[in-house]
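Chain naming follows the written order as A, B, C, D, E and F, and within any one chain the residues start at number 1.
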Amino acid sequence: MIGEDVKLFSGTATLELARSVAHHLGQSLSHSSVSQFPDGETCIQINESVRGADCYIIQSTCAPVNHNLMELLVLTDALRRASAWRVNAVIPYFGYARQDKKVQAREPITAKLVANLLETAGVDRVITIDLHAGQIQGFFDVPVDHLTALDILGQHLQTTGLEGTVVVSPDVGRATEARRLANFLHRPLAMLYKRRASPTETEVTHVIGNVAEMRPIIIDDMISTAGTVERGIEALIKLGAVPEITVVATHPVFTPPALERLSGNEISKIYVTDTIPFHGGHDRVTVLSVAPLLAKAIQNVHENASVSSLFTN
Amino acid sequence: MIGEDVKLFSGTATLELARSVAHHLGQSLSHSSVSQFPDGETCIQINESVRGADCYIIQSTCAPVNHNLMELLVLTDALRRASAWRVNAVIPYFGYARQDKKVQAREPITAKLVANLLETAGVDRVITIDLHAGQIQGFFDVPVDHLTALDILGQHLQTTGLEGTVVVSPDVGRATEARRLANFLHRPLAMLYKRRASPTETEVTHVIGNVAEMRPIIIDDMISTAGTVERGIEALIKLGAVPEITVVATHPVFTPPALERLSGNEISKIYVTDTIPFHGGHDRVTVLSVAPLLAKAIQNVHENASVSSLFTN
Amino acid sequence: MIGEDVKLFSGTATLELARSVAHHLGQSLSHSSVSQFPDGETCIQINESVRGADCYIIQSTCAPVNHNLMELLVLTDALRRASAWRVNAVIPYFGYARQDKKVQAREPITAKLVANLLETAGVDRVITIDLHAGQIQGFFDVPVDHLTALDILGQHLQTTGLEGTVVVSPDVGRATEARRLANFLHRPLAMLYKRRASPTETEVTHVIGNVAEMRPIIIDDMISTAGTVERGIEALIKLGAVPEITVVATHPVFTPPALERLSGNEISKIYVTDTIPFHGGHDRVTVLSVAPLLAKAIQNVHENASVSSLFTN
Amino acid sequence: MIGEDVKLFSGTATLELARSVAHHLGQSLSHSSVSQFPDGETCIQINESVRGADCYIIQSTCAPVNHNLMELLVLTDALRRASAWRVNAVIPYFGYARQDKKVQAREPITAKLVANLLETAGVDRVITIDLHAGQIQGFFDVPVDHLTALDILGQHLQTTGLEGTVVVSPDVGRATEARRLANFLHRPLAMLYKRRASPTETEVTHVIGNVAEMRPIIIDDMISTAGTVERGIEALIKLGAVPEITVVATHPVFTPPALERLSGNEISKIYVTDTIPFHGGHDRVTVLSVAPLLAKAIQNVHENASVSSLFTN
Amino acid sequence: MIGEDVKLFSGTATLELARSVAHHLGQSLSHSSVSQFPDGETCIQINESVRGADCYIIQSTCAPVNHNLMELLVLTDALRRASAWRVNAVIPYFGYARQDKKVQAREPITAKLVANLLETAGVDRVITIDLHAGQIQGFFDVPVDHLTALDILGQHLQTTGLEGTVVVSPDVGRATEARRLANFLHRPLAMLYKRRASPTETEVTHVIGNVAEMRPIIIDDMISTAGTVERGIEALIKLGAVPEITVVATHPVFTPPALERLSGNEISKIYVTDTIPFHGGHDRVTVLSVAPLLAKAIQNVHENASVSSLFTN
Amino acid sequence: MIGEDVKLFSGTATLELARSVAHHLGQSLSHSSVSQFPDGETCIQINESVRGADCYIIQSTCAPVNHNLMELLVLTDALRRASAWRVNAVIPYFGYARQDKKVQAREPITAKLVANLLETAGVDRVITIDLHAGQIQGFFDVPVDHLTALDILGQHLQTTGLEGTVVVSPDVGRATEARRLANFLHRPLAMLYKRRASPTETEVTHVIGNVAEMRPIIIDDMISTAGTVERGIEALIKLGAVPEITVVATHPVFTPPALERLSGNEISKIYVTDTIPFHGGHDRVTVLSVAPLLAKAIQNVHENASVSSLFTN
């Protein structure tokens, strides 16, 4: 057990994961209830004193994102006003992360807005996993412990036979992560990108790098609608890739029609983690748990031990 | 038309009201789109330059409250980053207003949290109607123009024949508003309250004030589940009130089973406003519009004219 | 004794109460002096090290309110700059609380201003008693422990014989507190309110609820000039109330001519607390002390025990 | 007249000066009232719209300093909440200025606290005269226009015959200001200082610089209790100074027994300004007005003209 | 000429560029001097009134970066305290941009620190060009106008004959920018990356994509020591690329030994802009000016016209 | 040894002093490296966990001031993001201190800017020595422990024979410090000042106070270019002072040509401290170390003991 002055809380987003983290810490979730008033307003009740406690709220801001974010903010407000010593937001999947810069004019930078909202509510620290862009750490002025599920996913992949595989980035923007996995597995790298060959043509997904007669491992931080992956698979197959494709991602967002798109025979395996609940019973999908990683991180944070030592950087 | 440098925006919560306000100002809503990404994240596009403009976002934070609040926050972020001169949040119905203090230990004060979130996002001013408690103005450090629909509701009531009526507060907490209406209409006042006559008895709704052979006008700031009103009506009838009851409220929250509870024959009329969309087609419900009031307030704010002059204080 | 790292300070407003609180904690006030320079500027000297200490400043912001508030702010500044671990402002009576919203146009919201000033000076927590409006808690972003003297007053009233009594709210705005006391004592409720029966008449105090042949217990959070109470008593007597009236209030502001107004024979007893010093020697006034309540609250805050458990909510 | 969008306000501290400033600007003070509630709380009413206006509050924070400071803060809060464009605090005498650093352990730095309180209340700019230390400008993050009455005082002195005079600093801490006046008048400088010749002796006021057979002009930023000046005069006379001493100061704090101390025959003239009201009718005291200086500064601030050009630096 | 109330300032970093921008705006730089005190402290003098002016400081934070950054901060402080209406920081090259996230444990995020420092000093808006990562926009809460020199560079490249060229990203992290240029020029894409084929091997630069018999155009946001480019060129040549390589970058950081590394015969042309002064007289280097782009952006910002319309997104 | 949870860091400015402080505390500096990237950007690596540690960064902001300041800011950022409990900036010499007020129009107040930058970066406390003006303490809102080297310098002077000496302030602005030393040594005081005897004459350095046949001890907080001291010595000699002058200052800034100016035969001794590294090997200069003073201050801060007790106030 980690200590009496640590208290673990969960909203409704990732309750099962939160319970699992608590279990790994030899502890139960604190007595509290997170629900809705009849008109849909978030309703929080904390049923034990938290004065002076080191509190950890485990809550992904996955869909319904605005609702889950608000639960996190209101819980934080309640704990802070109840004189918690410290409120740590453990956000396994950080929603709105793709809105991290202005691509078009007059866009919001919602990921920064969310960071500001969390700090305003009173969050003292953030623990999160595989942010869409590492720069989001800098959106916060409070300390951020940025964990990665790369080791969990990579070590599992190593058990599955890697001969003849090539790690594939589904997009120019994900090349850094793909290279990290490629180097972890000591496998070559390829990249997909959308190209317009002349001003009048439409964009077509191209492959750069050698994929012929290789088994692609497509790696992304999240699988959302799987549209990019679907188009990428077509391009890979066209160039002679072996139709035994593995798809790897930390965050199973799985917005419809993601699962249909991933049901083709050329996909043999999909590996994700439980940063977002997935109950699809899709037989090709294997869910690896980040609970032990989060539990260890919470323990180290509480005991002032190094967090960076938990994972390959 | 109010001026080229005024731009009106709306989220999805009260789009019809926003259009009506724009119409009263001789202007259209600005070109923008507020929608959702496939995974439910709020998606904002602003399709015209807003540099240096005096922007007004018209959006109630009614149900789905967390979603509508987030739309308001993201719109504010986008406008501020796009160099709007000033972002004014016009919030006809301010959700979470009942969570304005700690009644039990360790409760959040969500209304204050929401005020802080709005200021963090970059709101420069708030225009709102009939806050659940006037003190919520003080939750903000930016200027708040607190309008009231009392004149709109009161003037309409005056056309309906007030003889033999008594204004009734449904609860001790609403007595101030009930007295305001009673004095506006020059009618007597009564109050309902829940009483426990001994430690072993349960709470029963009592009436104080004379209601026998009078027609009650029950006034509240909002009708949510209508439970309090329902119990109040029973108590009033038991004490001899005439079963021709009028129910008046600014904000038609109407959470189920509100409309069933208000379908008894002893209720003759229900007056509300359009601060929250209501499409129930309930034939006893009359919706009065606050659009002219909001339009006038926006115009006066923009032209630096007095806003307090718009209504009986 | 509570602990070496707790230090208690007092300004000049409620020095006697502060000493009494210290006594209940088995401790003395810290060595410091709070006085004025010849030109009236507040002069603070702290004569012992406070580095790392958990400091509590006990000071009501009663009259002279601006002076007492400034003493509190300057003490806070001095403690913070002297590296106190935590500065807790214990404000038994929170002045300016009635200026908690804009009733007329262009009014200040001074209660919020005061909350902001306290946070700016460096207050880390507020402990206070019976705020004029519970929403004032939300004016702060630091934790507020909002105590009530209801139990102290109510338990004393129970020893005085309650048969035939009715709890009376002197105003529509105080009905919530009156109902709390009524339910605490299991007695019925009545309410006074000012009514204008037609546009040409002046406001007259009316009673709603049955008071004939009953002994009224008028409850307010504070007695200021006692004008409202005086007019209420007239109205109660006119409706047949027994002229053995009890007046109960937490805060004895007693601005002249309050004591004259409360010297009529129909008032038999006045119960207040010592949140504001009262040395009038008025034989009908009984002062009950909040010192044990404050001492227990300070102890629980310091030891991270629940504060809400100290009183009936 | 300066412009319709300029509004001038005054608290009770320096109302006469404020009226005089307004007169110089061809304008009246805005309709407002600053008074006290019966219990001593500051009461502000602003009786005309200030939306979008450039507001100037003219108020010295002289005695009663805490009260006058609070009037200034509450007025600022009211104007800001009433949507004033800009709130400029014109503080001819800035109280608490001598508490500008920690000299003893655990002292407050009240001048900085006051600066923080003013910024928290919403002051956008400060206009002030002859701060006790120029560094106080840096206590603010908003712009400060630091005026000096040196030209007003110096030009008047030039009309009085300066032959045989020596400018005397009453203390080591005021030597900079004394040198400024000495150079303005092209007269030599002397300085008083307190010296302890051995560990067992008490401090005695010494003179450095030649004063024999010269007429001293003692210059300070303010005359408070005049104790330093009194001891200085003794020392000057002992060293052969001509007993026709002139005392010059911007701020006539005149805390008792200042005027008795300055009533000796060796003092021929005392020159001060009206940054603090002085109605003593002391025939040796001449009050020069800063109203034209303040009026010109307000006009230049409003019209974006240079303020530094108003005075010798 | 752009308007009297616009004032342009420059530190010492990019004075020539600033003069050129001013020239394009038909205006001179404002009278000011930026120099050093003898002990190296930055010394700022502003020799004309800036009250109410819309001020633009043009200053890259290139080497000596700490010195140039401090000049920018001190200038901002001086302008703000001198009552400028608005201080716009025009930072053509934003130094420290590569320190935008924690890659190793306990690293600073200096780019965010710099953003915070600029906001603390009082910057109201940032105008910059080709940030190392777009997310740096979100490090600011003030509006950021993020310009790109892509059009300037791309349009120039189009005049040079593109047949047989391939756009090459020198690293996985720059693939997004390379793809933008590839699509602008309608040319194919290749990417360099460092690979470790087994745990015992060292990293070797690999190429993915087809480069044989093609002329590479290597694109980066900045050329620093040119080490990555040098190793990339080796790899490209080894795979049969034509040794007529073009190197393109917005920011010519050119830290030694960059120019030696770029002096090989396989490099035919280097295109950069003047966001950083370059006086190397290197005959293969062509410097294109961003002055017209910055001038237009300043004009549009000042006149509230769209800035996004200035460039291909 | 002071404790495991204390960690000492140093930038490059005063590394030797930092090591000496660490030695006095029985401890080594923490494993970290402070260097530059090839392009001059400050590069920080912290090679041990600092979670929960009480960190002290020892770094004067002497020349190169902007560089050393930035090292301090970046180190602070890194420690804060790495979850240090507390970051204490130990700044023996606080650069930019002379820019502490606006003397001319539109000057920056760089000392305040630096204070704001330090607080923004995350400094929790400042420990410094002999600030140019005590008011700079008030530029911070975090606690400042303001130490003095007066005791170190004064006690050393007492061993050198003080008969016939006079303490001389080199300027009107330093008179307060000179008087402090004069009283510490029980010696008389004189002061130098620049005077213009008529509007057409240039300023000439004058002496006030008796110096004939006395040995002057000139005291300043820092010796920069020594121009003021040089002119002062001339004036002193002209008035008959004995040409055996001692110069005393805490901070040896020694900007050229300071040492040449101080090489005249009339100067017999120069005493300074090691708040700034001095390696001139100038045989008249004696460097006294502040390391024991800083070590004791750090120990007392860490152990919550009084710091004010370390020195004569």
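Methods note: a residue touches a chain if its C-beta (ideal position, glycine included) is under 8 Å from a C-beta of that chain, and two chains touch if they have at least 3 such contacts.
Just so it is clear, the model here is predicted, and its values are computed rather than measured.
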Third chains touching both subunit F and subunit C: A, D
Between B-C and B-E, the pair joined by more C-beta contacts: B-C
Subunit C and subunit D: spacing of chain centres that average the CA atoms, whole Å: 39
Subunit C and subunit E, separation of their C-alpha mean positions in angstrom: 61
Cα-centroid distance, subunit A relative to subunit F, in whole angstrom: 50
Residue numbers of subunit C (touch at least two other chains): 49, 81-82, 102, 104-106, 109, 112, 116, 141, 144, 306-307
Touch-based graph of the chains, sorted into line, ring, star, complete or other: other
Every chain pair meeting the contact rule: A-B, A-C, A-E, A-F, B-C, B-D, B-E, C-D, C-F, D-E, D-F, E-F
Subunit C-touching residues of subunit F, taken from the complex the two chains share: 125, 141, 143-145, 300-301, 304-307
In the complex, subunit E residues that touch subunit D: 49, 51-53, 80-83, 122
Interfacial residue positions of subunit C with respect to subunit D in the complex: 38-42, 44-47, 49-50, 63-67, 69-70, 73-75, 77-79, 81-82, 95-96, 98-99, 102, 104-110, 112-113, 116-117, 120-121, 224-225, 253, 255-256
Subunit B partner contacts - residues on subunit C that touch it in the complex: 100-106, 109, 111-112, 116, 133-139, 141, 144, 146, 169, 172-173, 175-176, 178-179, 182-183, 186, 188-191, 193-199, 206, 208-210, 306-309, 313
